[in-house]
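Notes follow once the structure below has been shown.
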């Protein structure tokens, strides 16, 4: 524990990032005790109330308590990000290992698909997919939509990492000592890649959230769900800015900024951990 | 030995030069993007601001995509985006004034069996290129539409009714019908979005109506009879300048408009439009939410609406909004379910939340316009019995229980097999996001499973019947009930061809017969029409094919900084929608402030 | 002969969260004009750091914490930043380690020489520059047209010669060559060393050769210093140090050579080189020293002069 | 670089374009929608009266657009059209052609995005380089946290915030469109300034967000580069700080940044859909969004194709230009 604290003191980014995320978690958890999340549904409270003791974040035009919306919506947005991010990195890792370890045609195909996939503009594909799905999108479906492209980048970057790792001496020794391919991957490569994978994951989560909020702001998200992006959609639809209902967009904006800042600093911190050369040695 | 491992290859002294050259080339490519795009032709000097009328309407995401399309019959064109200003009709009709203005036509006369129509056009009208307007143009337009049929707008309507149109002399058109068509002249008359645009034969002859653009500013195209000439059209704006001479002004039918220039901007979002109105860069806008109006009035007291500065900030459109239920999908095929859902909707609260109170409920799927009032009156007793605006959850519960539905463990209504009643509502535009969440919540609170979607392909799903619930309006009657009744026809014998506008997919043979009967009744035969209308409502009301919600309001902010005499409740000479075919009437009524 | 360079009590410290590291610890020596001094030691012994410290090129988190370096009567630590910069190359030049990667990969050799002239205020017209560059390249045994090539177009030996050409371009008084041949094969090594020796003679400058190849040292230098754990543990003329090494570490180094004439590198000294971060108390060599006693564990041996030109830091020397 | 290499790179480019075109052709087919029909129904619904015989009409247009033919035939027709840069008519805006519509929109997007991309690249890269340079002024270190923070904010969100601050609270800047209401496009200073003013808000939101990214990347590269032997040797040569900074560190550290810039420039056509939509900017982004919403098959295909070609072109140009920047790269068969 003390080692951890000491490490945090050296890796400020990681400290700042995790603190921000922790802050959000604390907010959501205590929020669940303080406020009735059912009030995140329309018609629950008096509409358009500015912040007060009763409604600290105010209420929106359709009678949602914005505090409840934030308490209910923040985890939903994070859920989209994490489902998509984890799926993306998991698929990406498997493909990357297969490609980088075995090389040959498997590598050619996987790298080819990932490279071509990355040239197609992501948001465009996501919009087409989101439009193509019939019936209202649920939060989980939304996550799957975003995940459909979330594996491309991890595949490419992890593949590059594995390629450099497999040239290291200890892999060579393991191979000469007769270890099987999968065993080398699990026991030799994986542990060394973990910090890098963690950074990739956080990155993927961040991109997934970005993509999901983008879709939601365009009105292509789960209309029913009180996610942060949908809240912004309603803000925009109701012209809250020009009508002076500042509290309506203040809360989601601040939380989204916190989410991205938190994730960003965690990535930077993990990068620093995984790649100490970046440490401020200069 | 190491020394000669590589010999000196030819150096590349041009590398730096090449770099420089490529940077220069890149800059050269990047720079000319600011060059103006099409439409920058010689223009008359800009008139002063208080002779200029600027409005924002339609377009998509802030740009016009149809700026080259000035043939209103070409497939991508829409009369709402400008052609309504320049192509003149045989006659205008103002529903608010309940008044017809004969225009290119002087008079018309039906044969007693409604199988023939004789139209007299006014002499002495000229097209903007100087060619005389004549009966030939009308006959050419009608015959072309008949031949084109489904390829162009109004083609089907003309094709079904018209046998042939003949110009018997320069000012007389005789139209022979295939079937009795007592509403044909009214159909051709401009009102709201319906009316036949008359095109110049000397330009359109030999052109493919579907692809002809009719756009060449240098040539003076589009050629029309109206007072406006298109002088600029780009994705950013469409500019119409007043011509020096206009036949209608010379005739004393209307004054030469005080507006010298019209600038139409594409709608770029509510906040953007509001800001332009507040800063007087805009004289009229559209698409505003009720909640934005108080902000507008506060920041620019010169802004008014049809209702002044009061709620509902607009006038009642011809397009009452319903919650459509797909009558072909179980359990919505049962009238008990439809009525139960209707009873679960608190319309006062709906209006409160979705429109901040700036709306009114709708009892029947047609607007409560003065000419329609007799028909509303004729079914007062029926409406009392079948209250389409009633909010009575207990009654709703009773209806569902009576029909064999039970609440399941989760507190949701389900059928005997345990399948929940599930209303997945789709919506679009303004009404969907405004009312959708409220309706979903109301249903959920009464134990009806419900969700909302705003699919981009709303029209496709809705019109193909791939929906269970949908928020949508009715484009039907204005002055007599036939058009609205026709919306619910399962099939029609009087008008050949299947009838497909029945979005609710409700079918009733007896009802169909009554509507066919009404088809042949002259639109001014009010007594007969009332009789058939009541009979039809006796079938329709107990069934309630779709759930009546609210009237649609056109909330158009109008800026009196530069222009006055806008159409308002006190001065309702016409409805003020600048996208409707009657907007030229507003333009010649406007006076500089 | 008078000393052209003298180093007195030089100390370099690296700050580290887990404690300071003394990479160079109280090192003193002098260098005479025209002299070739070798500095030998295992990697991590601080010899390269010292080379950089003489040039005042220690980067954070390292810093020079004490000592004086005097070049021809000028005390370097007293110079301001700009004067120190001008002194590099003009006064003391370095020939970099390895040099596989010591030349800027995106600049032609000529430009890398031109840089040096320009930044030291030597204004040359284009033809003058051409002539000077050609001349310098010829001096180090390269063809003049090499000037138009990029580093990646040169072989290792050619690159190192190019580095030497750069190092001598302003006729410095001292050249510090830090393992100039470490990445080269044997034949090329010899050629490079011969080049270095020739230019040193022609220029009449002094040279400090840093390296761990005792064989090479023996052939090249006049005097040899041995470094261990940041300290200069023994200095003596080359013949003397090879025949009668006084410090046990030097003895181990010498005895590990297969034969004096043959080249070879240090091998076979028992134990591991110590971590500078965690130095043993007393004499840093004591855990590996066959002669270690209690005194060695507690007391740091001072440098003692054993003969007029022979110093060593060992209690038993 | 030899001719054969140039030819080979161009071949790769052609393959990318072909693959992209094929993907582009088949992907929208998978969504299983019926764009023509939807559009016709929309048109019909606008008038309130719905045309009878709508199915005939649909068939008629499908025939005209070739949608009734077998897939492979459609595919080859499509490839042929693409080769002629003919992307067919826009379904939703018939008879306007896709090529026309793209041509209209592209200058705006290229104008806005190339300027913002280049500006943020230059500023960000310089900042990043300075941040890694020990001799940079101390206060620069304080720039990094705000840059990082901005970098972490989605740019459409920053756009909204800027809009609120600079357009609503302090009405300084216009919030939509390419130029002012009623202004005639002309090659005059006033018009250019007007265009610039209109581009300011969207540009600012893009630049503020992306500077951090460039700075971050450059700083990392600089740290690595400064540890390189040739930088140490350069210092040993007694070169001026500025010489070392510019010609040794920056010159080398910038190479990967240039690669990234080429990719970023390739993506400018698709990179800012959201910014364009939020600010109603008349570029490719809004056109694309609207095409998607209207299911304008051919327009979507045309735009996607253009975007991919732009990206491929950027890569191709990079490939061809890169040897000029990095003499180590010579295209020799390995």
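Each chain carries a letter (A, B, C and D) given by its place in the written order, and its residues are counted from 1.
The rule we apply is simple: contacts are C-beta pairs under 8 Å (C-beta built on N, C-alpha and C of every residue); 3 or more make two chains touch, one makes a residue touch a chain.
Fair warning: this is a prediction, and the values are worked out from it, not measured in the lab.
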{"item": "Nearest-to-centre chain - CA centroid comparison", "value": "D"}
{"item": "Chain whose Cα centroid lies at the greatest distance from that of chain B", "value": "C"}
{"item": "Separation of chain A from chain C, taking each centre as the mean of its C-alpha atoms, in whole Å", "value": "52"}
{"item": "Chain A and chain B: spacing of chain centres that average the CA atoms, whole Å", "value": "43"}
{"item": "Centroid distance [mean C-alpha coordinates] between chain C and chain B, Å", "value": "87"}
{"item": "Residue numbers of chain C (touch at least two other chains)", "value": "59-60"}
{"item": "Contacts with two or more other chains, residues of chain B listed in rising order", "value": "271, 275, 456-457"}
{"item": "Touching two or more other chains - residue numbers and ranges from chain D", "value": "33, 134, 163, 168, 277, 289, 292-293, 295, 325, 327"}
{"item": "Chain D partner contacts - residues on chain C that touch it in the complex", "value": "52, 55, 57, 59-60, 85-90, 93-94, 96-107, 115-116, 118-120, 150, 152, 163, 166"}
{"item": "Contacting residues of chain B [partner chain A, same complex]", "value": "270-271, 274-275, 289, 291-292, 295, 349, 353-354, 356, 424, 433, 436-438, 440-442, 444-445, 451-457, 461, 466"}
{"item": "Partner chain A, residues of chain D touching it in the complex", "value": "16, 19-20, 23, 27-28, 30-33, 132, 134, 148-149, 151-154, 156-157, 160-161, 163-164, 168, 220, 223-224, 226-227, 267, 269-271, 273-274, 277-278, 288-289, 292-293, 295, 300, 304, 307-308, 311-312"}
{"item": "For the chain D and chain B complex, residues of the former touching the latter", "value": "33-34, 37-38, 41-54, 56-57, 60, 90, 92-96, 100-101, 104-105, 107-108, 110-111, 114-115, 163, 167-168, 171, 175-179, 181-182, 184-187, 191-192, 195, 276-277, 280-282, 286-287, 289-290, 292-295, 321, 324-325, 327"}
{"item": "Residues of chain A that touch chain B when the two form their complex", "value": "41-43, 47, 61-63, 131, 134-137, 219-220, 223-224, 234, 236-239, 241-244"}
